[in-house]
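Here's the structure we're looking at; comments come further down.
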Amino acid sequence: MSYLRLFGAFFRVSVRGELAYRANFFIQLFQSLLSLGISLAGLAVIFSYTDTLGGWRPDQVLALVGVYFLVGGMIGLIIQPGMEELIDSVRHGTLDFTLTKPADAQLIISIQRVEIWRLIDIMLGFGVLAAALVRMNERVGGWEAGAFILMLLAGGVIIYSFWLILATLSFWFVRVENILMVFQSMYEAGRWPISLYPGWLRYGLTFIIPVAFATTVPAEALTGRLTWVTLVIAVALAVVLFMLSRLFWRAGLRHYSGASA
Amino acid sequence: MTTMKSPAIQVQNLRKVYTVSEQEAGTMAALGSLVRRRKVEVAAVDGISFDLAAGEIVGFLGPNGAGKTTTLKMLSGVLHPTSGDATVLGYVPSKREKSFLRQITLVMGQRNQLVWDIPALHSFELNRAIYRIPQEDYRRMLDELTALLELGPLLHKPVRNLSLGERMKCEIAAALLHRPSVVFLDEPTIGLDVTMQRRIRGFITEYNRRFGATVLLTSHYMADVEALCKRVVVIHHGKLLFDGDLSILVQKFTAHKTIEVQIGDCQADLNAYGEVVSCSDGHFTLRVPKAETARVTERLLADLPVIDLLVEDPPIEEVIELVFAQGNP
Amino acid sequence: MKALAELYAQQFKTTMAAMFQYRASLFIWMIGQVLEPLVYLIVWTIVSNSSGGSVGSYTTKEFAAYFIVLMLVNQITYTWIMYEFEYRVREGILSFALLKPVHPIHSDIADNVSSKLITLPIMIVIAVGLAVAFHASISPPLWAIGVFIPSLLLAFLVRFLLEWTLAQAAFWTTRVSAINQTYFVLLLFLSGQIAPLALLPHPVQIAAAILPFRWLISFPVEILLGQHTPAQALMGLGAQVAWLIVSIVLVRVVWRAGLRVYSAVGA
C-alpha cells in the first residue's frame, strides 16, 4: 500500500514539474503527431505496392503501429526517465541521497521521474489501435482482448527489467553514456512484424533485446495470431527477467557501495 | 541507578581502500593500457577510531581528499568499509535498515537532492511521503524550519531560480523534515558567501540545541568548526591526527603568523626577526609568534629595503602537519 | 591555409583520443546506423518478392543494393552538430569557441571527418557482409563511379552546412529538440531512407527535389546505382552546387545574426 502512496508522491512531483512547462505539451503533441504521420505515410507507400506484408494485412500492421506507439509511450512515460535519472545520479554521486532514504532504492529509482506528456503517445497509440480494430473484419473477442492485456503486461515487465539491467550496467561502465540507446535503436525494428526478419535478427530481437515482446507479441494477441507457446514464453520470460534484474540491481548496488561481493 | 549511555556513533579502526588504475600520458601508454592496467591501492580512510555521544556536535577538519566525505558516507550507509567497525544508533550503517535510515540524514554541500524545476515545498512533500511523516509533525517541523531558516519567500519559487545560498537553506530544511537524531553534514557551507555561511552555522547550532541531534560536520573551513564545535577531529591522508577540544587546536592554529617579505635577494640573514622557513629570489617566508607580529613587521619595514610585505595565517595544511608532528598533547 | 591544415590535423588527434574513450558508445550508435536501413531493406525485399520480383524499377536485388549503399552514404554525410550546439549553448561553453581566431565550423568539420575515418571501415565491412547475405549487386557504368565521388563530397558539404545552420537555432530557443526532430523526420522521408524516391508519389518526389533533401543522400546513391544518364547526372551535380552556394550564404548570415543575439544576451 505504501508503495502506491510513494508512487503517487513522485507522480505528483513530476506532474507539477512539467506543468511549469506548459509549452512542452504542445511540443510533445507536435512531435508525436509528426512521428505518427511519417509512420502512417511509410505504411501507405508500402501497401500501395502490395496487399500483404509477410502474411500481415494492412489493418493488422496498423494495429502493430498502434501497439508500437502505445508501448513506446509507456516506456517514455515512466521507464526511460527513471533509468536515465539513475545513470545520471550514479555519474554525479546523487545516488547517495537515494541510498539514505528509508525506502527500497530500486523502487525509488523506478518511479522517481514521470514524463507526463508521453501520455500523448499512449493516447495516439490507442487511437490507432481503435482505427485498426474498426478496419479489421473479424471481431475482437474476449479471448483476444484478454490475451492482449496479458501480453502488454508481460511485455511491460520484460522491457522494464531489460532497461533496469542496461542501467545497472552503468555502475561498472560509467562512461558508456548512451547505453540505453541499445534498446531505442532496436525498438525501431519493432515497427514491423518480427516474423519478417531473417532468423538471426528475429532471434536477436526476441531473446537478446526483447523488442518482439514489446510490439509484435501484443499485436499478435490482438489480431488472433498468438500461439500458446508464445504466450507461455512471454509470461515465463517476464517472471525470470524480473527476478534476474532485481538480483543484478542488488549486485550493482553492492559494487557501488564497495561491499565485497 | 544510571547506566552509561552508549555513544550515538562508535567507530573502530575504520578503513576504506580503493583500487585505482593508473595511466600514463602518451599514445603508446594509452594503447598499452588496453592490455594491462597498473593498479594502485589508495587508502581513503586508514584506520580511524572515535566515539560521539548523543547530542554532540563534532567537526571533521581536513584538506580536500583527507577522507572526511568517505567517513561520512560509511557512517550513513552509502559506502561499505573495507575493514573495521562502525555503529550508529546501535545499527550497522551498511545494512541500511529502514528504521536506521529514518533516523539519519545526509546533506552534501555541492550536490542537490531537491527537484530542480519545482518549488522546494513540493520536494518537501515528497520527503514527507518517503519518510512517512505524520501530517501534524510535518506541519510543525516545517513551520519551525521556515522560521529558523527564513524560508518564507523561498518555498514557492522553483529551486532553479534560487541563489546558491537560498538553495542550500532549502536543502538543509528538506533533510531535516523527519527530525533525524543524527545529522551528517558534508561541506554544507562550501561556495557560500560569508553572511550565508554564518546564518547556516547559526541554524545548525540552534537545531542541535532544540532537538538534541548528534551532528557530524565536515569542512575545510576552520571558521565552520570554530563557530559550531567544541570538539574537533582532524583528518589528513585518511588518518586521524587530532581528536579533542577545539580550544587546544585553536591555540596551535593561531599561535603563529606567516610574514612574506620581499627584498632584493636572499643574502640577508633574517633570523633575528623570526624563524626563516624559506627564501627564493629575495622572497622570504618567516614564521613569528602571533603576539610579535606587529613588532616584527615594524622592525622589518624600518630596517630593510622592503619591496612588499604580507601577513597571513599559516595554511591549514601546515597547521595540520604541525599538529601531526607534535603528536597528541 | 597552412594554419588551417594544422588545425585539422590537431583536431584529428584530439578526436581520435576522445573516441577511444567512448568506443563503447560509438559501437552502440553504429548499431542504430546499420539497423534502420537494414529494416527497410528487409521490408522492401519482401514486398518485391511478393510482387513478382520487382516494384517499380527496382528488382529485389536492386532494393538490397539501394539500401546498402544508402547506409554508407548516410554514414558518410551524417552529422550530430545540432545536439553538440545545443549542449554548448546550454553549458555556456560556446564562448570558448567565439574567443578563438578561427571560425568554429572548421574544428567541427574536422571532428566529424575524423570520427568517420574510424567508423567507416567498420561500416564497409558490414556493408560487404550484407551485400553477400542479400545477394545485392550493382553494375554502374564506369563514368558513374567517377561522378559518385564529387556528388558524395557535395552531399557531405551541403548536409553539414545546412545542419550546422539549423544547429544555430540553439541561439534563439532552448526547444531545439522539436526543430531537430522535425528536420530528421522530413529527412527520413524525403531523402529516400524509407523508400527509394522513385517509388514515392509524384508530388512528394518534386518536393524532395526542390528541397535540399534529395541532394543530401538520395542523389549520390542514385548515381552509384547507375540510374542516371550523363546529362541527368550533370544536372544533379548542378543542383548540388546550387545548394552548396545557398548553404554557404545561409551559414554566414545565420551565424552573424546568432552572434549578435548571443552577445546581447550574454548567454
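As written, the chain order gives the labels A, B and C, with residue 1 at the start of each chain.
One rule holds for everything that comes next: a residue touches a chain if its C-beta (ideal position, glycine included) is under 8 Å from a C-beta of that chain, and two chains touch if they have at least 3 such contacts.
Given the structure is predicted, the values throughout are model-derived calculations rather than measurements.
When every chain is represented by the mean of its C-alpha atoms, the one lying closest to the mean of all protein C-alpha atoms is A.
Most remote chain with respect to subunit C, judged by CA-atom centres, is B.
Computed from the mean C-alpha positions, the centre of subunit A lies at a distance of 44 Å from the centre of subunit B. If each chain is reduced to the centroid of its CA atoms, subunit B and subunit C end up 52 Å from each other.
Each chain gets one centre point, the mean of its Cα atoms, and the points for subunit A and subunit C are 29 Å apart. Every residue of subunit A that touches subunit C in the complex is listed here, in rising order: 23, 27, 30-31, 34-35, 38, 41-42, 45-46, 49-50, 52-54, 173, 175-179, 181-182, 184-186, 188-189, 191-192, 196-198, 201. Across the interface of their complex, subunit A is touched by residues 21-22, 24-25, 28-29, 31-32, 35-36, 38-39, 42-44, 46-47, 50-51, 55-56, 133, 175, 177-178, 181-182, 185, 188-189, 194-195, 199-201 of subunit C.
Of all the residues in subunit A, the ones that touch subunit B in their complex are 2, 5-6, 8-10, 12-13, 16-17, 20-21, 92-94, 96-97, 99-103, 108, 254, 257-260.
By the touch criterion given at the top, residues 16, 18, 73, 76-80, 82, 94, 96, 98-102, 104-106, 108, 111-113, 115-118, 122-123, 125-126, 128-132, 158 of subunit B touch subunit A in their complex.
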